[in-house]
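Next, two complexes with chain A in common: one pairs it with chain B, the other with chain C.
So, the complex of A and B:
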């Protein structure tokens, strides 16, 4: 009976995800052969995904919705526009699936607050409903774009040793900030003392993993809530989404999934900044 | 009024050549594999055109606070500098010297003369130094006018340190890609090696000074571990420049042993003389080419009743296999037998250095024979049986 039900939702799921391959266990970084070996270039699972899905719609910054104030376009209220930065087309559910975003932890570790985002369980491994995840991720990207558009400071936070380098690199690439090391208590709540003077705090915190190195909730989540800084966070099945302003349910461990998030966050921020330049140029 | 003064400050800060560049400089130099082109370019452009600052530009609260702090610090330093200058001239007049040519060395000498201090700790003795050396350097502003920090890892609190860790990982990943590529092409591992002999890792304090950040022992350990791990990579020679930035040359210790002058007596035999002391003994030794005669205060080797003392004296000659090639004559005063033998041994070794080659002198030095033994008896303490020993304690 159970097996039949599993098979049923599996087929349903695969139908939804638009793939015929079977579900795979959690992925880990594989060194993929590069076509043109390059010293500076690092191999990336996500690159391969992009390459595989060439036939699909992969949105680049040049294909964004038209900029404000063009002669043939009515002036729009940016904040009321449903998708001013075109974040909805930044990724597809299939890409998320291929990067293993749907893979949660074992059933026993489920935080009940995450029940609403769970699609089911396979061999006791929890599976996220990627349709819900996509919705939340798009919301988060939209907020992130708006903040970047207005010159806000984005701080990427991740305490996972394995993924901290790519998170830092993402922050550097998009001209933002990263904190992947030991979090000194008071970094947000007592910044004047910690940094030795008045300091501008980040405008949004992006958590690639909401856990710290001992698998408890990261202190920065509570701190951000205290000082009223909005947070975007990838919440896995064992995390608590309650204090996160924009939670995104999904796998927060696998490097492939983290690479996916980093890529979409980076692209959204870069697009928003570019958009700002374009709009300013249009206005002046 | 305040805002006017602030604007003046800002324009001054930005027109001072290198003020903002200095702020960026550290992490620019620390930045490794990737260059942060946008950030540095922005900093440079402001520098190049000081008039580009718009008086209407919004200044972030953080920057405003920093500017006020910097202004206060600058005022303070200015005052201190002028006071130092007056003090220097006054001191020169007191010493009857020309104030125009009164250098820092003259100041140190004068202070030592006028305020003699026998305090053991050198740092506790009176000094007079320029204020730049006395007061700690203030860190330059780490953020721009809009309050955005220059460094991507600013919020970690130790951006320069964590930048190094980031760079180490970055290089490792890039070298891994290179290695994979070579392996795929079937190439043999490189025979090039990174030769770091004669250098060592910067010490904790040196690294902290370089990074202008506080360094805990844990942080330093992590740095060394990560670096050592990078060094294990077969292609590490590719990142030699990066590795060498954090290594310092070992200063080779040159020990010149001054051998006593070789003299000739009437018979044409060469000889040397040396003095040494040990405990309360003083020994004057003459070592002469000969057949192994020993004369200690007019007696032969049996001057020492204990065999261990006789061995002591003969040990340098025995070590270099020069027994029965020299005549020893020694005059020794005060003290006991072990003190006497120790003093003679040291003086004899000194004499011997004039007769033997440099390599043999090294052998003597490594054997510890040229090191002065400065141990003396520790005084008895009141209430103790000796220097440290306590009287037997019984429960009453």
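So, the complex of A and C:
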């Protein structure tokens, strides 16, 4: 049996390599024109997507609106500027598609509050409308940038085990905070007792997944609403977007999609912080 | 700090605004995000009891789905599919493309399109073999999917196809 399989494999291999073989190839397929997958070169979908469009995603400082206080430019009221940090250029809908942001859950698990963000279903798998998602993501990134610019603290929250490492790494990279472990009740609502002293709470919470480990809504969403902290959250088709201040409809399970969100959030925060430094230097 | 803990009433913004208006919080002590929220309010009011917007969720179908289903029925799923790389085509996609290209030629009889596509693929270096007669009987009587006379591989039924590609 093993020898026969080896012979089959060998015949296929030889056939593919362009040499002749006396062994008969497999019945249904005589030759395979497909390229062999090269897993070394592209470690993930996200990597290849970003590598292809790297030049587009980088916002150059010359493309940004003028900084405040420059001698030859009028002073810009930052909050009146529609896109002060250039977040609209951070990503394209095509990149979102390639990272699988459009993929939702099966039709039966749909939370009816998510209906308005859905494009349709393909063989009972729900598909997000990425044009809507892009609008909401751009709004969320803009607000996140403004809060970072003002020196606010961002807390990334994700209870998804397979994605928690990259979320923590993102928080480290942009100098912010992450909470990806068991959420002790009262972390926000009873912070003085939990941490043993007056505590500064975060100014915005970013949820890479609004579910906890048992697929119920994360407690931090209600906690943030109680202590009046706005939230940004990726909401999948089985989530409730109502209490999220800036919801972003999209896939919250696939590592490629999470890598995409982490990349844009990180870039937006880093850009905003850099912008703050530049503006302060201009003023002084 | 005096704060309302009624999370289901109003939004984060209206609750803080109420505190400022009522004098429980000074305007100077407002949260850092307050001005940002005022300048860029969310598209949907983030209240717990926001009414649901109902929308009919339609099936996404493409004309080539029938051809692709036919391919998988006869040839199963041969070869290796690289799920990591976003580039490149699967064998079934190549078959579908060849089929649709040949379907533009009206001289080829409609019931021989599959065989023509297989011949074309074999000529391009991808021979495929099947046990049975591979051609689709598009004009199967009584089957509403196959009774569109003008375009036999398009359905006649009440389906609405989405256009492929962006």
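Simple rule for what comes next: the second predicted complex is superposed on the first by the 227 of 284 C-alpha atoms of A that agree within 3 Å, B and C clash if a C-alpha of one lies under 4 Å from a C-alpha of the other, contacts with A are read in each partner's own complex, and residues count from 1 in each chain.
Please note the rule applied: contacts are C-beta pairs under 8 Å (C-beta built on N, C-alpha and C of every residue); 3 or more make two chains touch, one makes a residue touch a chain.
Bear in mind the structure is a predicted one, so any value in this text is a computation, not a measurement.
Once the two complexes are laid over each other on the shared chain, residue contacts for A:151 go to chain B and to chain C alike.
In the superposed pair of complexes, A:246 makes contact with chain C only, with no contact to chain B.
When chain A is checked against chain B and against chain C, the one touching more of its residues turns out to be C. In the superposed model, A:178 makes contact with chain B only, not with chain C. When the shared chain is aligned, chain B comes close enough to touch A:187, but chain C does not.
Residues 31, 33-34, 37-39, 42, 151 of chain A lie in contact with chain B in one complex and with chain C in the other.
Residues of chain A touching chain C in their complex: 27-39, 42, 44-45, 48-49, 79-80, 93-94, 97-98, 107, 110, 112-113, 115-116, 118-122, 126-127, 135-136, 139, 142-143, 146-147, 150-152, 189, 203-204, 222, 225-230, 241-247. Residue ranges on chain B touching chain A, taken from their complex, read 34, 36, 38-39, 60-62, 64-66, 69, 139, 143, 146-149, 152-158, 162, 166, 169-170, 173-174, 176-178, 180-181, 184. For chain A in complex with chain B, the touching residues are 31, 33-34, 37-43, 151, 153, 155, 165, 168-169, 171-172, 175-181, 184, 187, 194-200, 202. The part of chain C that touches chain A in the complex is made up of residues 3, 5, 7, 11-12, 15-16, 31-33, 35-37, 39-40, 42-44, 46-50, 52-55, 57-60, 75-76, 78-82, 84-86, 88, 90-91, 94, 125-130, 162, 166.
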